[in-house]
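Once you scroll down, you'll see the structures, which are given as structure tokens.
First subunit A sits with subunit B, and in the next complex the same chain sits with subunit C.
Coming up: the complex of A and B.
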């Protein structure tokens, strides 16, 4: 039976969080938490593998004690056990520090894994770094932005979308895959599953000491990046009404916005000579 | 790790809300307008345990506590009260009496099918001449060999048009003061079980409310629920529980209306500012939110008494009375805040307004709830 770890993150439920102008920070306390959407797709991928070929699915998260909630939800969806790594000293960790802590927990608590699944990115910071960095820490092969996985024995075949083409990669276990939101639409949670997740759930919590992480490896000490400033982008909208014949309006529109459209679609707009077709 | 009920209730709320917003919201206005029962969505709800909220796991249910079950009904009703009604009637007044009064054999026969939603349940007490006066039921059940023969007409049966099983109240004899009634588990495929036309109602239009006719309908004696003559006892216990469900439904409607009103008040500009900045609108919203919070606490109090095994009939009536009154007031104010648009079918608040009204009527009118509450209060030695 495969041993799968799914790394999940609790993110704020709303995309536009209230802003504290004075401190220049997001008021995360005002938002309810939820499983990061891409992590939920990764969990669904793990659960589908579990149903298809049998697997022990462990969900792993790092966060404050309240992050237990996302583990409970994952158990309700069908995961077998949950691990929360939580320590006040982990607060403010960047992606490098986070992947180091996750890797330490995996090495200590779930060393015999076959496959680690992560969401491709999180909705609250969108770095898409933790998955690949975790693979580096564990020195295992990784594929990012997977939209499909196929397992044959100890070989994993991953299909992923890269720019305008799809590529298929093959790797041996143990491996790490970050899952995109294209496929693996998360299932609805059953009410019996939710009830069970609070009756006989299997969740363990570890702090830095329990994981053997020393003080100087923690938090800001370990983080390689610092957020110097966060500011609100001022949206500038303008309403433009183009008038005239249809041909003139299209021509005006292209003259005015050609560069922006080209940048958005990633290619230049070619002008076609008017013909009879 | 400690058991954390708040976290469980939060997760259940989020989970049901996600389902309701994804599956029900896109069709709620349309199924109301066309009075269609959303069978395809019901099919999606079945494997998620929406039809076995408090049924023990051995029968395939979710075995939820009563607050969790109320939250489920609230969240469905917040988006589509008619489907919330289907769920609460099925769970609250069709399954509950079976859990409480059925024999082991009856439980094993019916609970798995009901909990999976394969069989939809209904509860039929009301008749043309027996509304608030439930003692005036005229449907009869006459013992004939090993069967009871049912004759009579039930009206305003929620889920009536689609139910596969109904609990029917019928007279089985005469007592010293009043006729004796009994409750029967009647399957819709029994001969002589006939459905009337669907009612054309003001609200809850996506629920197929209909009459049920019984014409020499033979019911096996093994389908008598409880003992013969216990109809009133079973009926009253069932209604106590059903009232918790309707209170939850009313609260869900009120929540939907409050959210719609807040959203609109922030967007709608008059006098060059959002109407939410006007004190009158703020007063409306403050009252709506305050009353809703009080209603929710009253409801959960009744749920918690029920789960403790304590008497909860009076509190269930209080919750039903207050939640339905809050729903009627909140939905009316939500229409008012929307102004002319609120009276248009372009917005959902007119639907909430129509749906809320009946919560003051069915499962015991507000007047009957006051009677129940007053009797309870007056009979207590220490208040």
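Coming up: the complex of A and C.
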């Protein structure tokens, strides 16, 4: 039976991100989590393979202890087991470090994998780097943006659209694929499935020591980049408020912003000269 | 011996118009950065029959061009290109490598950074040199709502990817000269583990909602599917695209492809019209890079109205009708 690993990430769901003013980082411990949307597509792809040809689907995540929730959600969708790697010292890791930790967990706990699936990007800090870097760390072939996968024996065929080229690639297992957001629309989680996932736990948790990651390979020591500052992208908007009847307010609005809109659309919407009527 | 000349590399990504444009835009930025740290600008080009790109990169600011031109490099291959650039980078030790955040670049750059044991920041919207001489990488975070200033302190090269359209290319100057180094294909280019079975230029539009300049988005406040469909008319008039919120997609007023937000597309239009959208985080997470927002909603307290440049307090459907009528009257080339 095929052995599939799906890497998922917990991202914050809340409206107001709890921000630590002092350190300029997100208080992930305070944010309610959900499976990153892109990762759900990867999980769906894994589950479709599982249904079609049979596979053991392991979901793997790195995060705070609360990230166990997203593993349970994945189990409710149909994954067979979950692995959480969690250690305070992993906090603040960049993609270089994260891919190293994930690779270490895979080598130790799931060494006989065939296929690793990842999302195309994450919604909180869309770097899309962890998938390719994990492939590099494990020294396996990888293809990004898969829209379709065909498996024959130990050969994987991937169809994808990259930079307006439609490509069909073929590689042997083990391999890593990141799944396009356009395809593999995630299934709904049934309530019964969710209940079962909380009752019947098939989740293991490992920290750095359990994975045999030495102190000097953790956190900032391992990260290659450093975030010096984080700030809100924009200054407060002007927020002009217009009210009135639809016709009047439209005319008012267009008169005020006709130049801006004309420039953006490459046509003019300036009011025509009234003279010649 | 004089100190080794610092070098800023730009990866020559040229397979289509947009890819080539981002390369030219990066050369322009590299040109500015090179001035500050007294470095040369070096373009790296792999492929077969690439003289056209050598000429273009010279005209757009490259001082040196490293070329490997060979029939076996005719089609893009992440694995081959990685092996080649890794070898060159190890030999020549560039200070900075810039790569376009094309589909290819997004797959290629992270692997290269890992191989070279260095850091990489994705989709930078700004690049600068810090007081201590490091590459300051300004990258969006949290759906574009935040910006992070990132540096790679101890490792080299310092690497960043940049989306097309972020920087402006400098006008070409075909009088410019560059040192062109034509290098042989290294002897044992190991067999790629990935076989390219077929590829063809896709017959999809270059244009997508992600790079649309004008977008009109609609939400439940438009009332019904018929009203929502009127957005098409406004979008057509303005040469823009239609976006939708999740409830509207679920109600089948719009296709999933139009979904804007956390689970859908992240957009960056110059002008965004938002009709009858309250502004749940699931939607607004995709709007961080919208430049100018006009929101229409009956409720002036809606989040979407608060984050707009212009908030029009009105029934979304009524206003949409009036706006279409008025623009039709006014619009001309």
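Odds and ends about this structure:
Keep in mind that, in the parts below, the second predicted complex is superposed on the first by the 216 of 277 C-alpha atoms of A that agree within 3 Å, B and C clash if a C-alpha of one lies under 4 Å from a C-alpha of the other, contacts with A are read in each partner's own complex, and residues count from 1 in each chain.
Rule of thumb we're sticking to: contacts are C-beta pairs under 8 Å (C-beta built on N, C-alpha and C of every residue); 3 or more make two chains touch, one makes a residue touch a chain.
Quantities reported herein were computed from a predicted structural model and do not represent experimental measurements.
Within the superposed three-chain model, A:6 lies out of touch with both subunit B and subunit C [touch as defined at top].
By the touch criterion stated above, A:213 is placed in contact with neither subunit B nor subunit C.
Looking at the shared chain after the overlay, A:143 reaches subunit C, while subunit B stays out of its contact range.
When the shared chain is aligned, subunit B comes close enough to touch A:69, but subunit C does not. Shared-chain residue A:163: touches subunit C; no touch with subunit B. Between subunit B and subunit C, more residues of subunit A are touched by C.
Shared-chain residue A:232: touches subunit C; no touch with subunit B. Contacts of A:177 after superposition on the shared chain: neither subunit B nor subunit C is touched. Of the two partner chains, subunit B is the only one touched by A:195; subunit C is not.
The part of subunit A that touches subunit B in the complex is made up of residues 32, 34, 68-69, 72-73, 76, 188-192, 194-195, 197-198, 201, 203, 205.
Residues 1, 3-5, 7-8, 10-12, 14-16, 18-19, 44, 47-50, 53, 57, 61-64, 68, 72 of subunit B are the ones that touch subunit A when the two sit in their complex. Across the complex, subunit C meets subunit A through its residues 15-16, 18-19, 76, 78-79, 102-104, 106-111, 113-115, 117-123, 137, 140-155, 193-202, 204, 206, 213-214, 238-240, 256-257, 262-264, 266, 270-271, 280-281, 285, 288-289, 292-294, 300, 305-315, 318-319, 321-323, 326-327, 329-333. Listing the residues of subunit A that touch subunit C in their complex gives 13-15, 17, 26, 37, 94-96, 99, 123-133, 135-137, 140-145, 157, 161-172, 181-182, 185, 223-233, 237-244, 246-247, 249-251, 253-254, 256-258, 260-261, 264-272.
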